[in-house]
Each structure stands twice: as C-alpha cells, then as structure tokens.
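Heads up, the next two complexes both have chain A, just with different partners, chain B and then chain C.
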Partner chain A sequence: MIRKLKPALAAAALSLAILSPLAMAAEEQFFPLIDYRVGPYGSNGQAFYGGFIDYLNYVNLKEKGVNGVQMTWEECETEYNNAKGVECYERLKSKAAKSAGPIHTMSTGISYALVDKAAQDKLPLAMMGYGRTDAVDGSVFPYAFPLVTTYQMQASAIVKFIKDKNGGNLAGKKIVYLYHDSAYGKEAIIAMEAEASLNKFTLVQIPVAHPGNEQGAQWLKIRQEKPDYVVFWGWGVMNQTALKAAQKVGYPRDKMIGSWWTGSEEDVVPAGDAAKGYMAATWNVAGKQVPVIADIQKVVYGAGKGNLQDAGKIGTVLYNRGVSAAVLSVEAIRKAQEKYGKGKAMNGEQVRWALENLNITDARLKTLGATDLLPEIKTSCDNHEGSGKVKIQQWDGAKWVPVSGWIEGNKGLIHPLFQASAKQYAKEKGITPRDCSKEK
Partner chain B sequence: MNFFLEVLIGGLLSGVMYALVALGFVLIYKASGVFNFAQGAMVYLAALSVVGVMEKGAPLWLAVILAFVIMTLFGIATEKFVLRKLVNQPPIALFMATIGLAFFIEGLAPMIFGSEPRALELGIVDEPIPWILDNWNMVISKFDLVAAGVASVLVATLALFFQYTRIGRALRAVADDHQAALSIGIPLQHIWAIVWGVAGFVALVAGMMWGARNGVQFALTFTALKALPVLILGGFTSVPGAIVGGLIIGASEKLAEIYIPPVMQDLFGGNFGGIEGWFPYVLALLFLLVRPEGLFGERHIDRV
Partner chain C sequence: MLYREAGQFKTSYAADQQLFPIRQDRIGVLVLLAVAFLGVPLLASEYWFSAILIPFLIFALAALGLNILTGYAGQLSLGSAAFMAVGAYAAYNFQLRIEGLPLIASFICGGLTAAAVGILFGLPSLRIKGFYLAVATLAAQFFIVWCLTKFPWLSNNSSSGVISTQKLMLFGHELNTPVEKYLLVLGIVVVMALAAKNMVRSTTGRAWMAVRDMDVAASVIGIRLMPTKLLAFAVSSFYCGVAGALYAFCYLGSVEPDGFSLEMSFKILFMIIIGGVGSIMGSFLGAAFILLLPIFLDVALPFLAELFGLPFASATVSHIQILVFGALIMFFLIVEPHGLARLWQIAKEKLRLWPFPH
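Right, the complex of A and B next:
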C-alpha cells in the first residue's frame, strides 16, 4: 500500500516544495523604495525613509502585517539625481509587477521623469507635497497622486494664514515671494498671483539662483521694498542663507513663512539664532508625543529593528513625515484589500484604485495613533490631492511648535488652475481623459 | 545713491568670500599647473572636521587645530597616494585625479562626521553695524567685515610667502616644469605635500567663514562654483588676482541682480531675476576673449 502511494506522496511533496515559496511570496506586499540617503540632501532622506521603513516594520511587528500580508521593500539610492532615479525605477519595476506599494521619490525632478513611465507600467506614484501638481486631476493622471497638499494649495493656505492674522483683509499689504529659481520655486507663482489679484495685495517676486548660498542682493531689495511678509519657497542651503540674510538686513523672522521644504530641523538648526521665530507650512507635527511615534520607538527599536543609525532623528519633522507617508501607503493597501481580497498582496492597479478612493478620517487617524501626522484625506478620480490642508509651525529656537490648526487653501481658486494645466497636458500627449463620473 | 552704495559694498564684501575659496585653487595651480577640481570638497571636509570634532566636546580653538592637522595629513596623503604616481604626466591626468579626489572626499567626509547640516558659531554675529545703519541707513555686516579682514591677512601672507621664501620660489619652479625642477634638485614630493597642506589651510579658513555664514553642509562644495569666474578674471596664478577678481565678480553680480531685471522686464515683460547664477560666467567669458590669462595671470608665450 505504502509502496503504491510512494509516487503520489513524492509528487505531492514536490508540488508543495515548489508551490510554498510562491504562496509565501503572495503574502508579501512589496514597496519599491527609490530613495536617497547620501549626496547633497542625504540627511533629509535619512530621516524621511527611516521613518517610512520604521512604520512598515512596525506594522509587521505589531499586527503581523496587513491582514497577514507582510510589508517588504527594497531600497535603491538616487542621490537626488534624476537619471539615477529613473535607473532605480527601471531596476525595481519588475519586482513590483506582482505587488507594489506607492512609490515615494521625495523629488519633484524624479517624479516628473516617472509620471509617464509609472502610468505605462501601472505603478502608483505618490508625490506628497511635491511633484507634478496638475496630477490632482486624476482623469488625466490616473497613476500619479500629489497627495495631501500641492505647492499651489500650500501657497494659498499660507496667504489665508496671513490674512487671518490681519483681520481678514490684505488690501494694500505688500508680500514678497522669494523663491528658488527652478520649476519647484515657480510652481507656486500662479497661486500667489491669483491670491494677490483676489485679495488686492501687492506681490513682489524675487528669484534666487541655485544653489542659493548667496542672497545679499535679494535681501537688500527686500529691505528696500519693506514688505509686510515674505513668503519663502527655498530648498537646501538656500533656506539657512535666507534666514541669515534676513537677520543681516534686520528683517523680522516672524514675518517669514516658508513652504514645507523649508520647515524641518535641517533647515533651521544650521542658521542658529537667526531662525528663531521663523514659520513654515507642514502637514505633520514634530515630536514624539504622537502615540504612533512613541510606539514605533518602543516596538521597533525595542526589537532592535530600527532603521535609523541615529535614533535622535526620531520625532523630527522629516522622520514623522516619513511615518505619515507610510501610514497613508499602508492605509491604501488596507483599502485595496477590502475590495480585492483580504490577506492578499495588491498589485499596482489595485493600489492605484485604493489611492483614488482613500477616506482617512480623524477617527481613523486616532485609532492608528497618528493624529496630527496627517489631515483628513478623501481622494477621488478628480481630486488626487485629497486634502489641501496644512498647519503653520514656528521655530522657537529649539523645536517646531504648531501655531495654527489645519488651514485649507482656496480650492475654488486653485483647483481650476490644475484642471486647465492637466487639460493642456492631455492635449499635448494625446490622452483621452477618463470620465470621473463613471469611476468608483 | 545710498542704495547703490549699499549694494556695491555688500557685493564687494561677498566677493571677498568668493576670493577665499579661489585662493585654494590658485595655490594648487601655482604648484602643479593643474586645476584642482576637489577644492570645493576640501572646503566641505575642513568645515565638517571642525564641527565634527566640536561635537565630540572639543572647544573651537582645539577643533580648528585638529581640523588643520586633518587637512595637512590629507594633503600629505594626496601627494603620496595620488600625485606621486602622476609626476610628468600631462595636466589633464592630474585634473582627472582631482575629480576622483572630489568624489572621494564628498563620500568619505559625511561617513566620518555625519551628513546633517550643522551650525558653526564663531562668535561673530551676522548683523548690521548699528552706527553705520543709524547714520548712513546702510546695512554693512560685522561678519562680512571680519571675513574681509581675514582674507586680506591671508592674501598678504601668501603673496609674501610665494615671492620671498625659498619654498615659494621652488613652488613656482615646479609649476613651470616638473622635470626641470627635479633636475635641479627641487624635492617635488615635499613641495607638493606642502602646497596641498597650505591649500588645506586655506580651505579650512574658507570653510569656517562659509560654514559660519550658511551652516556646515554638503552645499559648501558648491562654493567652488563661485570661485571659477573669479579665477578667470584674476588669473589662475595670482594670489592678489584672486582678491581683485573676487571683488569684481561680487560687486558686478550684485549690481546686475538689482539693476538688470527691471530693465529686462520693461523691455520684454515677464519675470527676470536670479541672474547672479550665470552673470559672473558671462562676464568671465567676455573677459576671456580680451585677456585669456586674466588680470594678473602670467602670459604664456611659446617659441615657434
């Protein structure tokens, strides 16, 4: 009897041996991490991607993955270089064919280079607070998601903050828009001009050439203009240089409000006392008081699986932002599983659907212990941003302190700008936009 | 007029900061006839050494001394492991070696001292001098004046060193012809080690001034970008030329940034500005057409 069963048993054992790794692989959700930890902006990347990976590890350790599906990832170093970003994408895309979490490049340049490729390969590209902002219009950009906030909505929210500080009236005021003379810096101009026209304030635009380590002329001009506020769109060394130069010409730092790229510890600490009082936009608070941040330190670092070499970065603005990006990404995986099958790894198309149908409420954020790491987010086919809200934080000389609640930019003013730009893009590329009314 | 003067003086003082970086290039070029692509990286390494040592608890003075030791050792190591093998090779080979050196430093320095941007406090506040502000309504920074003083002392010392010391003369001989210098008994290895050590010291001074001004971070490597047009104007072989070139570039780019964009906007509409990134290079290019050796550079004449 046993002799008769032997071939069958052997075949069954062989089948199991072949199939079990496949079955195991099917329970892993892969994240292609096109990141940077070295090079000019390596310090920013270390904190952001450290937070991102720590949260993925946290989900694996705390709840054994999402419905049993373990989070896995592979990193590829870009050094914030567009060509290397594309190379990394090409290297990782085959691994992401079966299951893919959202791709976060933390680089507008790399995102621009990947928008078309990601759509072709059906891989979702997340651009939280950066990247191609007209991708808010998902009818033209199904695979690109400028989530949470865009440069334009952020600029609009900053103007609203200033307006509220001035009794709701900006007529007759003068605002300088000091910006990095690049695509990034120029993105918000259209929003600032629209706000200036609507609120009847004078807008003075002053560009700074890359890298921005010399701003003497610009700040003498600002001194001459005597603006009521300076809205600041800096990057890298330009940020510290601006704060120091403001001190040099005696411009008050509490009249300067920057974009989120200018609002991390890395941006203000090197400027020393010159940064005290300076304000910047953000969508996540800093600090370890956020329950999930404290729990990551306990669970992940307690298990010796922390990603950061320097645990002192835990709780910094960019670390918490990395966690906030991972929270959003994991929630998208959860959402996709609800529709396509719990306990299964989700592919790019399925995650794309989830990113377009996110509904992360304050109650959900509280459950996750992530209150104030993100605003409420509700995305749709025609709104890939999902929020448009930021907070304003102020540097007190030692830490960032929130000085406002959530402020939403003027969606009625700004979103039509995206739609017009997306329409133009569709025309240039010969894309037929989806009918969002038919999307669910 | 007051504003014009304010921009002009601010530009001249910025130019001194550019000259500080340009000096390092001049030193290496004088001694080896090669453009040292790694000078910006050396500025970064020097400043990072200071803050790195300070983070271990050392006071500023000790950190500066230790950073100087690091830069000197770096200079000696560069001579021993990189340049010695390239004696009598064409300048392009040495230039390529300095490109490799730049990438090596840019990778190694943050691995040792960390890559996060840090503040460097030298005890000189970058604020306007109240007396000038009150009486002339002009912003002249204390920090910039100190930087100008430091640069002046450095230039005077280096100019005297090159002109009146045996080592200085030997440096110039080596720059003219490696083989001829060797044949008359000039110890090429020692000379190169010394000059790379001195260039390391200049990088340390530049790194401390730029680091105190903008923070110690990777972007210090970009300071080299500002030094290139200075060198073209002042001449690659002249120490005083670096200062004069720096002053011209600093003043002209600031004046251009203030006064050209409004004219362009009136003529063509749109938004101009941010021109100080390219303006010095255009100026240097024009200068190259009329005086390729720079204001103070040595005119090269070949016998036919």
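Right, the complex of A and C next:
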C-alpha cells in the first residue's frame, strides 16, 4: 500500500513545492462558503451557491479578480443543520483570518448561531433575506448584515402593493396571512399586525404546521373567511400544496402574494396549472436576459469552469439570487480596497467597514450588467439593510414576469420595531451599542 | 502483566466499595482526567474546542442520560432531544427572570425542569412497554417542540422563537474563550458521569436493571415499579436537560425549538446503540463515533480525492460521507452488536491475561 502511494505522494509534494510560490505571489481574497447542496433543501442550495461561485469565477476570468486580487473559496457542507454550520464556521475561521469575504449561510438557524461568534472573530456575516432581522440596527450588530431587505419590510411592501392596487385604501378589507409555523413564518407577523392597525384592514392569521403537505383545514377556513387577499409565507413542499389547495377551493391565485421563498421555479412548476397567475415578492428577477447572467454563461461555462452540473438552472430565481449575493460581496471587496489599498486582500474588519458603507447605484448596477438583479443599495451604521425594496413577480405558467417596479416597505413603521428588538438584545447580552453618529 | 488485579487486597469496606476497584483503572482515570483538564487546554486549537470537544462532551452527557433510561432501566425513549430543549429553554428563562441567579444554579434548574417534564412523559411507561413506549415518548418530542414555538413567553417574546443565551458568568468572571467554556463543560460532565457511574451500582441502579431484565420478577422481589421507572425518567431527563442547557449556552449560543428535532433524538439513540447499551463508557464512545466520524470523513475525503486526482465536488463528498458512515454503522453492529464498550471490555479481559493467555 505504502509503495503504491509513494509516487502519488512524491508527485503531490512536488506539485505543492512548485505551486506554492506562485500562489503566494498573487493576492487572494478568501470566501468561507458555509453552504449546502445535500439534505432537504439541497436543490435550493445548489442553485444559490452555484450562482455565487459562478460569479466569483466570472470576476476571476473576466477582470482577473478585483484589482488583480483573485477570488478563492472553500466550501463546507452544512446540510442546513445548525450544529454542522457551526462546525463548518469553526473549521473555515482560521483560513479566513487574513482575508474574508462576507459569509452567506442561506439558513436562518445557522446565522442566528453565528451572529455572536462572527462579531467576536471580526468576520462579516451577510444574511440576505433571512436571519436576524433586527441586525438592521448596526449599532448593536456591527458584524451582521441583513442586506437588501428583511421579512418585515417585505411584508410591508406586499401590503403597499395591495394598497396601490386598491386605490390607496385598504380600510375594511380582509387579508389572510397564511404562514409556515416556524421561526421563519412568524417573523413577519409583527409587521403584518402593525400594517393592519395602520391601514385598518382585518388580518386573519392561519398557521400551517411543518412540512405543510396537508392544508385542507386551512383552505376551508380561507373559503369561509372570503379574504380579499392571501399573503403567503410558505417554505418547501408547503408552497405547491397551497397552490393546489387554492385551486381546489376555487380561490383566485392572482389574489395570492407570497414571500421570496415561495417564488422560485421549484415552488410553482410542481403545482402545474394551479400556479398560473400566482404572485410572489423577490429582489432579483429571473431569466437570462440580465446581461451579467448571459455573460456568465458565455465566459464561465464557455471556459468549462461552471459550477452547476445541471446548466438548466442558470437564470432561475435562486441562481440569480446567488449571483446577486456574489455581486454585493464583490462590490464590498472593491469598496474596501478603495479605502484600505487596491490590489490587496481584505480582512474581515475591512470588509465589514465596506458592507456598512456600500453605495450601489442604478448606474453602477448597469455597468455591472446587474440591472434588476438588485435594487439600489446604500447602507450605513444605523441601516444595515440598505434598501428594503422588493419587486412583485407573477407566474404566467412558464416563467416569472415582474409586474411592479421597486416597492419600498414602510420604513417609518418597521425600522423602529427592529431598533426596539435590537435594544432588548443589547440589554440581554450586555452590549453597549456604538454611537452611529461617530462612525465614518 | 500491566493490567492485573492479582495482589490487590481490599482490607476495608471503603476500599472494596470504591468507584474503581482496580488500581490500574484508578490510575487510568486520573491520567485521563489530567490530560483532559491540563493537557488538552495546552494543546488543542480553538477549532478543536468549539467544533469538536465541546459538542462531543455535551452529546456524551445526553447519551449518558438516555443510557440511564434505556440501557439501565430498559425504557425505550425517543424524546431525548425534547428534554434537551426543555433544559435549554428552562435554563434560559431562569437566567433571564431571576436576577443574579448563578449560572450553575440555572443549569441545575434547567435540568430539574426537564426532570419534571420527563416524569410527566414517563407516566405511560407504567402501562406500556417496548416499542409502544417509544411511540409515547415520541409524543414528547412533538409536543415540547410545538409548545416552545406556540407560547412566546418561553422565548421571551422573540418574534421567531429563537433564544440567544446570556453571557456565561461564573463567580463574577465572564467565560468567553473556547478553553474556558470547554473546562466548564468538562467539569460538569465529569461530575455527572462519575455520579452516574456511582448511581448505577447503587440500590437504585440495581432496581433499574432488575426492572429492565424482567419487570414482573422485579416486582415480585419487592421493587416498586412506579417509583423506579419514574425515577429513571427523572434522572435521565435531568441529564438530558443539563446537556441541553450546555448545548445552548456553551456550544451554539442561540437555539430554536426546531433545532431539537426528532433527528437529534435518533442521533442520541444511535450513540448509545453504537457505544453500548447499559454502559457509561459506551455513551462517550458512541458520542465520539457518531459526532467525530462524519467530521473526520469530511476532512479526509477531499484530501484523499485530491491525492488520487478524483474530481469530487463538495456535494459528492457529502454523499460519500453519508454512505461510508452508514456502512460503518452496519459493520460495527454486525461485528460487535453490543457496541464499542463491549470491545473495550474484551480488550480489558485480554489485557488481564496478556502476555500469557494460557
């Protein structure tokens, strides 16, 4: 056995010896990828992280990295399991000491477990559209970034969309909030309740137990209630079941508006005909018509370096969402380099500063070819969200079509909720909040 | 030669009744403790503490709890993760709502709450046995998780049901480095493991084993079934509850009810099956096997793949890891159905004869 291994070992040692000086020469920006491609939500993870890695590869191939700094990464599989996520984090942490891109876990549970650890280790934690939403208040959570938008702002934006459809008045209307009975589904209740008392509509909350493949009772109730709209916070198999159940009780799908975890191809295609007309929020459009997506296919897949085994996923909602996360991360690296030195690898602290001072305008998005992949984003110490805008898209039976422009949730109503929650957290943990007026 | 008790005469009752009657065992345990308390903190890295040693100790404690119930008292339970959840949430609430309660006291209170809940769900064991009891404890698994999600008071009205544990304060000192957390967990686990070792050879432990082997016979020789079974549930849940509190406070730092899933209960059950049902040592061996092997494979497989030039994507590695893990479990169960602890026992017996087996 040893004898057989010897040539292989020798070759490995030799190649290491040859490669290492080269690897040392160029600066590298390391991304700890705490991701998942197997397990119950594996297919979602494949699309998201496929898009993420493809974009990093794209930056390496197209522009030779950010100012010459190559993007590198290492994956660690979490299977959407919190304990595994923590183990992965600890494993990748030491490698991320010198340079670290934002960590995207795509899991609320894992990001909750990492909020404190990441702050202690000075590594930036990005939670795009999930995770600890009160981290919007950066004075208490310097290293956590619920970028783009949060569940509460999304709920508020959906209400605004409905309100605009009804001539700006929701008084006397009835809205059902049908949700996955878990941490995820319950997050938005506080926002829906606040909106209900502000806009004087009746809110009926109907929970669905995990996994949600049986919703007969819930839809019977919906039929009795005869709501004007159903706001829908589903997850996984619950989404297609709800659409089929709605068809069965004859509830019009174009009165159903879902969150962004109910609005991907994986959610509507299995429901078939029942999904037609259904609407969902999103912050990134689907499709390959976005220039950067088309270019990734050409450059990265053309060079045979694509990450997806099934290239058919390119241009799906979740793939594009992965690209949007990578665009944000790379822009943060760029911003950090502007301040701390171009052509250098950025460490967690420097990237944290950049994430807090992002300013991605529509013009910048256009240059990147990422128009409609993200709303405009401007973050600051007291606003780690940076946007709070979503689009509403509608399934026409074959693809997702945007049916609205960017809609911003009611910041004046929602952000104080975050601040109150962050304040409570600070008190529990004995954190002294930073003074945001002194941050530059 | 080295491991032989010949010539060790017990001249007092105390010497005869001590926890480790063989001198070599005593020395072994002391050396192990010295290594764990002194050696490991000097040598291990932060990764080892936070990702391997702390979860290993915590799960070993939970497995120990289940082993008391299943291995010693013979009551099959699928609710261990739920009892851990009770311990975690109770410790959090005690710490939150009682000003100035010492950390250890809130862990104990968490354990006691879990014990109370355990007794409640142990009541069916008076009437039903075996697989039917497993189904009844399954109810605990679902009910407790539902309960923690349903009542926001339990998670201090957190909008998502997730709790973030308080700082670890011990005698006015904040434990924030992995080493300190490790030492705290290690201290608690060592005390509780020795207590368990002592308990299972006492009257209580013997009563449990009598009930396990044949409850009718046990009641005929005068063991009252109800207190015995309920005590087993209480002690077992206490251990699981403390493990849950440690899991929340010293390991993850923030937990959600859904995290304490049926899957975790199964994991703990597999630990005692692999490690050895009815063995304190087995709980530790099983926890090590179930927790560490996947991590080892996770690290070793990509390395091997690279060495032999195999094109493995990270998803493939995970799939292979699950395959190998499953195969190894089957291998061990076929080769040694009594668990790793039994292997250890055989090794000890062989050592007694070594180097002259006959």
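Here is the rule we use: the second predicted complex is superposed on the first by the 415 of 440 C-alpha atoms of A that agree within 3 Å, B and C clash if a C-alpha of one lies under 4 Å from a C-alpha of the other, contacts with A are read in each partner's own complex, and residues count from 1 in each chain.
Here is the rule we go by: a contact is a pair of C-beta atoms (placed from the backbone, for glycine too) under 8 Å apart; a residue touches a chain by one contact, two chains touch by 3 or more.
Since the model is a prediction, treat every value here as computed from it, not as a measurement.
Touch criterion met: A:430 reaches chain C, while chain B stays clear of it. By the touch criterion defined above, A:83 reaches chain C but does not reach chain B. In the superposition on chain A, contact of A:217 is made with chain B only, not with chain C.
When the two structures are aligned on the shared chain, A:183 is found in touch with chain C, with no touch to chain B.
Shared-chain residue A:163: touches no atom of chain B or chain C. Applying the stated contact rule after C-alpha superposition, one finds that A:91 touches chain C and leaves chain B untouched.
Of the two partner chains, neither chain B nor chain C is touched by A:399. Of the two partner chains placed by the overlay, only chain B lies in contact with A:247; chain C stays clear of it. In the superposed pair of complexes, A:236 makes contact with chain B only, with no contact to chain C.
Judged by the document's definition of touching, chain A residues 38, 42, 46, 181, 189, 210 lie at the interface with chain B and also at the interface with chain C. For chain A in complex with chain B, the touching residues are 38-43, 46, 181, 189, 205-211, 213-214, 216-218, 220-221, 223-224, 236-237, 240-241, 244, 247-250, 266, 269-272, 274, 310.
Contacts from chain C toward chain A in the complex involve residues 45-47, 50-52, 55, 96, 149, 156, 159-162, 164, 166-167, 176, 251-256, 258-259, 295, 298-299, 306-308, 313-315, 317-319, 322.
Listed in rising order, the residues of chain A touching chain C in the complex are 5, 8-9, 12, 35, 37-38, 42, 46, 75-77, 79, 82-83, 86-87, 90-91, 93-94, 108-109, 112-113, 115-117, 120, 133, 181-184, 186-187, 189-190, 210, 309, 421, 425, 428-430. Contact residues of chain B toward chain A in the complex are 3, 6-7, 10-11, 13-14, 17, 107, 110, 114-119, 121, 126-128, 133, 139, 141, 143, 210, 213-219, 221-223, 225-226, 253-254, 257-258, 271, 273-278.
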